[in-house]
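As written, the chain order gives the labels A, B, C, D and E, with residue 1 at the start of each chain.
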Amino acid sequence: RVGVLKFGTVNWELDAMKRNGLDAKHGISIEVQPFAGEEATAVALQGGAVDMIVSDWLWVSRMRAEGTPYVFAPYSTSVGSIMVPKDSAIRSLGDLKGKVLGVAGGPLDKNWLLIQALARREAKIDLAEEAEIAYAAPPLLAEKARQGELDAVLIFWNYAARLEAAGFRELVSGEEAAGAAGASGPVAAIGYVFPEAWAREHSAAVEGFLAASRETKQLLATSDSEWTALAPLIKAEDETTLNVMRDRYRRGIPHRAVTEEVKDAERLYRVLRDIGGEKLVGPGLTLDSGTYWAGLKNAS
Amino acid sequence: MLDVPKPMKTDGLAVAIEEKSFLSANGRRILAVSGLSFTAQAGAFTTLIGPSGCGKTTTLRLVLGLDTDFRGQIQRPAGASRVAAVFQEPRLLPWRDVETNVRLALPQALRRRDLRPLFETLGLSGLERHFPAELSLGLARRAALARAFAIEPSLLVLDEPFVSLDEETATRLRTLLIDVWSTRPTTALMVTHNLREAVELSDRIVFLSERPAKVRGMEDIATPRADRDAAWRARILERLDALYPGVL
Amino acid sequence: MHPDAGTGAKGSLARLATLVLSVLVLLAVWWIGADLAHSRLVPTPAAVLAAGWADTRTGELPFHLAMTLLRVVAAFVVAMAIGAAIGIALGMNRAANRFFDPWLILFLNIPALVVIVLAYLWIGLNETAAIGAIAVNKIPNVVVTFREGARALDRPLAEMARIYRFGFVDRLRHLVLPQLQPYAAAAARSGLSLIWKIALVVELLGRSNGVGFQINLYFSLADVAAILAYTLAFVAVMLAIEILVLQPLERRATRWRGRHA
Amino acid sequence: MHPDAGTGAKGSLARLATLVLSVLVLLAVWWIGADLAHSRLVPTPAAVLAAGWADTRTGELPFHLAMTLLRVVAAFVVAMAIGAAIGIALGMNRAANRFFDPWLILFLNIPALVVIVLAYLWIGLNETAAIGAIAVNKIPNVVVTFREGARALDRPLAEMARIYRFGFVDRLRHLVLPQLQPYAAAAARSGLSLIWKIALVVELLGRSNGVGFQINLYFSLADVAAILAYTLAFVAVMLAIEILVLQPLERRATRWRGRHA
Amino acid sequence: MLDVPKPMKTDGLAVAIEEKSFLSANGRRILAVSGLSFTAQAGAFTTLIGPSGCGKTTTLRLVLGLDTDFRGQIQRPAGASRVAAVFQEPRLLPWRDVETNVRLALPQALRRRDLRPLFETLGLSGLERHFPAELSLGLARRAALARAFAIEPSLLVLDEPFVSLDEETATRLRTLLIDVWSTRPTTALMVTHNLREAVELSDRIVFLSERPAKVRGMEDIATPRADRDAAWRARILERLDALYPGVL
């Protein structure tokens, strides 16, 4: 049982997986339970209504530190980006000084913290102080950016993709910020999350699922026709948007060894702990060692 | 054939109600007044007497303009700018004290007048700051009378004003009523069940029939009020009792 | 004087005419406003109708609407029954009221989010938790309304009932409830709407169907037309309940006030 | 017979004692429950206090609380004033009520989300939009409550006021409003709580401060203790308003009902 | 020194109120009854007469047990299981029709009894399905009387039951009252301002003073009701008027 966002990217993947019979091939059966909000999936996992959701490793580490052993398996490296209108005069993070910057995900968003670190290092500005920050719900921010009320907007990648299709360009991406913070390559920000004990009991099923997931990603990375089939789920307004979404998705497929991932995540964790403090990362001083699913062997 | 009353000429009050009926919630139509017509001279004191439930209050409500859903015509005294009514129940604002209840009825010009003498006569002294729920029914009725008297009305309508009062108090208040009524030109219309009271106060008594109310008879009393002593009263009561048996 | 105030066939017809007129004017105002705004975010009635029709043909709209309605009705019944009982008890008992007042204020002000999450965590992600969470959110409001009503109960009539030894049931049915009718009407009307709003949040946080689930999906797609379509579908149901259930009930219950009331 | 029913110093003391007792019992129940549950998701009062204290020292809690309170108060004033005016008007005018009833049902049932999003989209991501959205969400509920009250107004007293030519102001102040007092009390109490709940959503969707903003933050961190700390801080303020403002006002307004009421 | 009344021995009603005061909302304390003490024989008809606002209704409320906040003692008739009260206002449930209002007061045993003869005598026939707001005040009072009479009470308390009624109706109702009272052993306690009425109905008349109410005098009337004709009445009224001036 996997809890997903109905219109989230995970649902695309699972849909493609089932349509191509990849779940059966790997000896698993998936029951997709759609939810309308990210919080809902977390509640569902904690309430035992689903076995697996998609979330980020920081959350997992925090939960582990507080005594709830969940584990994490990389799913996507896509994170948000700061988007500005194509003809905007803003060329660098430094130009954001005094401008209105919309931020999705709240002040403790991992991506936002990394970008602040980047801004401090590169442009020597404290974005949170020197730009006018508007925190709000992502759809609202996207809309406000279109209306021109915001000069720039830091937003999750699927919204960013739509904005890009609508004539925006990327000012700085989350990947860049992570790189600047010491990551050696694209780090999978989000991944499948499940209870450790459950995974140990059903390790075959978990292995099968992860293998199926990889194979599906492979398929989505190469086959454009699969995307056409997914179009109704993606609810793209037009061809361009669909294409941008596809390209972005493909860019986000993780392909590094899990050990590298862990190393980078640990590095990022330290940076995040410095900026975000205990509030963000929880009581753990370092990335909890069991955060990544132990049975994980990254294929490519 | 219904004898349709014609409105009469007078600068006082002319009432000519062809028909007033109520549609009850259970769908029945109730004829309350039918072909009731009388006049009251401007500045005169007119009294209505009739059996319980015959339509007296209904008639007063029509006169007051509180109900306009009837067939007929009502001509109010010319220049009856200020109307006072003493309803069958006290109708005081329960959340305002006695004095406020009275003052609220006063027109701006009289708002600040001294009400103490009035309260004194009505036996309400010391109760000015009391809420209606803290009054006995008789006291509440007196507060309602105070309100009506205080505004110096040109049309005064009273619906059984002196019930729930002991005879001594009632007598005092009747005197007060005549005082108030006579100091200024006031047209008064009163309902009572008490023929003695009617005889004492009225210039004209209108006797009403059972429901639907119509005029059963009318008596004008010309004797000045000062001359209405006990002997005179006994005489006239006897005569009226003979004319309208059952009323006394 | 008020021919339209009557009951019976003529009254019903007049009511229907007013209803139609009202809705038409509302639509006209909306349409003109939408045309002036001329934005994807302010859809015209036609756009909303199209969105609603699209989801009706797939069966989605009726399905999700039915799910939400079931939850709303269940939670409404529970909340009104429990809330009225507590409210009347508090309103009639000073000491209990004094003691429980802070509790009431606490429960009034616990954010819906907290209640919903706790319900899902404790009871599980199921209908019981969903309906319970909605009811718990609404109960304090019902309590407050009924309590005010019970405080304002007529004392002389209560004394009369005491002298004539009314039994508990008679007292409730013939003495207390008729006096609480306006409060019940207020609680029911704003209750249904509040419950529906909470249901939206409940569905957002932990159900895989219902209008709340759908609205949130369309919110993440910024599809205002579809959101309004679902909203209006619910409003239509509420309007039907109002006209076919609440108003006739109310007319019966307030007959005694006389036809001009 | 009811020594505790008195006013004055003795009454105040008794009230205070009951309040303290009530809060203590509440805390005890909670503490025992939390101990039994023994879960991070059901924090003990001590844990909540610690969380609250931590944010108070950084000044965050007072700041966000103040921001939310400002919005709540502003929206409350706007909603009560407009809602009461519309409600009384509708309650006293059958024709207008008949016509606007469908509109009212529509506005009652528009999801908070829709109103908030539209307000932010049209007015901008600013305070005006936030407060306006809260008020618009609450107004229909106030209207419904006051309308029921206005429908139940006493006819004989209204006739009296007509005969004695009460001016508009006197009529409102001395005739109508005192009768609406229980309805106003119900609307105010459930109003404050509803407004606060909507404020949470408003802040969640588009403000960069306020309790709703903070609660959402802690929610994403699954920090129930902090969420409860913010909630209880608000509840404490509401309790203070109830005891220091609403109840004394109410005692004054209902003096006439006699001391046993 | 206050003359503290002692409760007397009787199997009827023994009232001994040392003091009853009200704390008004404006903080003033009002002494309503002070040292009021009288007895009413079981099965007898006792009447209280006193000035408006003297504390009569207050006394009845104490007797009925509606107010227990007083100093003194009240002993109710032994086995007074069924109590009926006619309040000074009708106190009908406005949202229930006349018949329901009456039936609700009936004990289970009498719930289905035929009320038509009673309604007939009270002039309420045809109004059974009407709501109280559709009645005239006199009709509403009669409905309240119907309620009290219907339950066949063993203790009957009446607060000015016959005001707002025309003399003819009132006379009929007084006859009915005596009928109801005499068919079963009923202890009756009535308040009135009408001495004629008191003389006609009572076994004992208790005259009360101005507020705070205390007993001013007591008169027992031994003459059988059948012998109380006009001449007798004139005589006794004259005597009482001399003894208690101002009451008539």
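The rule is simple: contacts are C-beta pairs under 8 Å (C-beta built on N, C-alpha and C of every residue); 3 or more make two chains touch, one makes a residue touch a chain.
Treat the numbers as computed from the prediction; the structure is a model and nothing was measured.
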- Of all chains present, which has the mean Cα position farthest from that of subunit B? A
- For the chain pair with the highest number of C-beta contact pairs, give its two chain identifiers. C-D
- Message: Farthest chain from subunit E, going by mean C-alpha coordinates, please.
- Response: A
- Task: Can you check how far apart subunit D and subunit E are, centre to centre, with Cα atoms defining each centre and the answer in Å?
- Result: 49
- Query: When the centre of a chain is set as the mean of its C-alpha atoms, what distance in Å lies between subunit C and subunit D?
  - Reply: 18
- Note on the structure: Rounded to the nearest Å, the gap separating the Cα centres of subunit B and subunit E is 28
- Distance between the CA centroids of subunit A and subunit D (whole Å) is 39
- Note on the structure: Among all residues of subunit D, those touching at least two other chains are 41, 117, 121, 219, 255-258
- Query: Touching two or more other chains, which residues of subunit B qualify?
  - Reply: 25, 89, 131, 134
- Message: Give the residues of subunit A touching no fewer than two other chains, as numbers and ranges.
- Response: 39, 46, 139, 143
- Note on the structure: Note: in the complex, subunit B contacts subunit D through residues 64, 66, 82-85, 87, 89, 91, 93-96, 100, 104-105, 107, 131-134, 147, 151
- Task: Using the touch rule from the top, collect the residues of subunit D that touch subunit B in their complex.
- Result: 156-157, 159-160, 162-166, 170, 174-175, 178, 253, 255-258
- Message: Per the contact definition, I'd like the list of subunit C residues that touch subunit D in the complex.
- Response: 2, 4-5, 15, 18-19, 21-23, 26, 37, 41-42, 94-95, 98-103, 105-106, 108-114, 117-118, 121-122, 140-141, 144-145, 147-149, 151-152, 155, 182-183, 185-186, 189-190, 192-194, 196-197, 200, 212, 215-216, 219, 224, 227-228, 231-232, 234-235, 238-239, 242, 254, 257-258, 260-261
- Message: Please output the residues of subunit B touching subunit E within their complex, sorted ascending.
- Response: 22, 24-26, 28, 30, 49-53, 56-57, 88-89, 97, 123, 129-131, 134-139, 142, 160, 163-170, 193, 195, 246-248
- Item | subunit C residues touching subunit A - in the complex, by the definition given at the top | 41, 117, 120-121, 124-125, 203-206, 208, 212-214, 216-217, 219-222
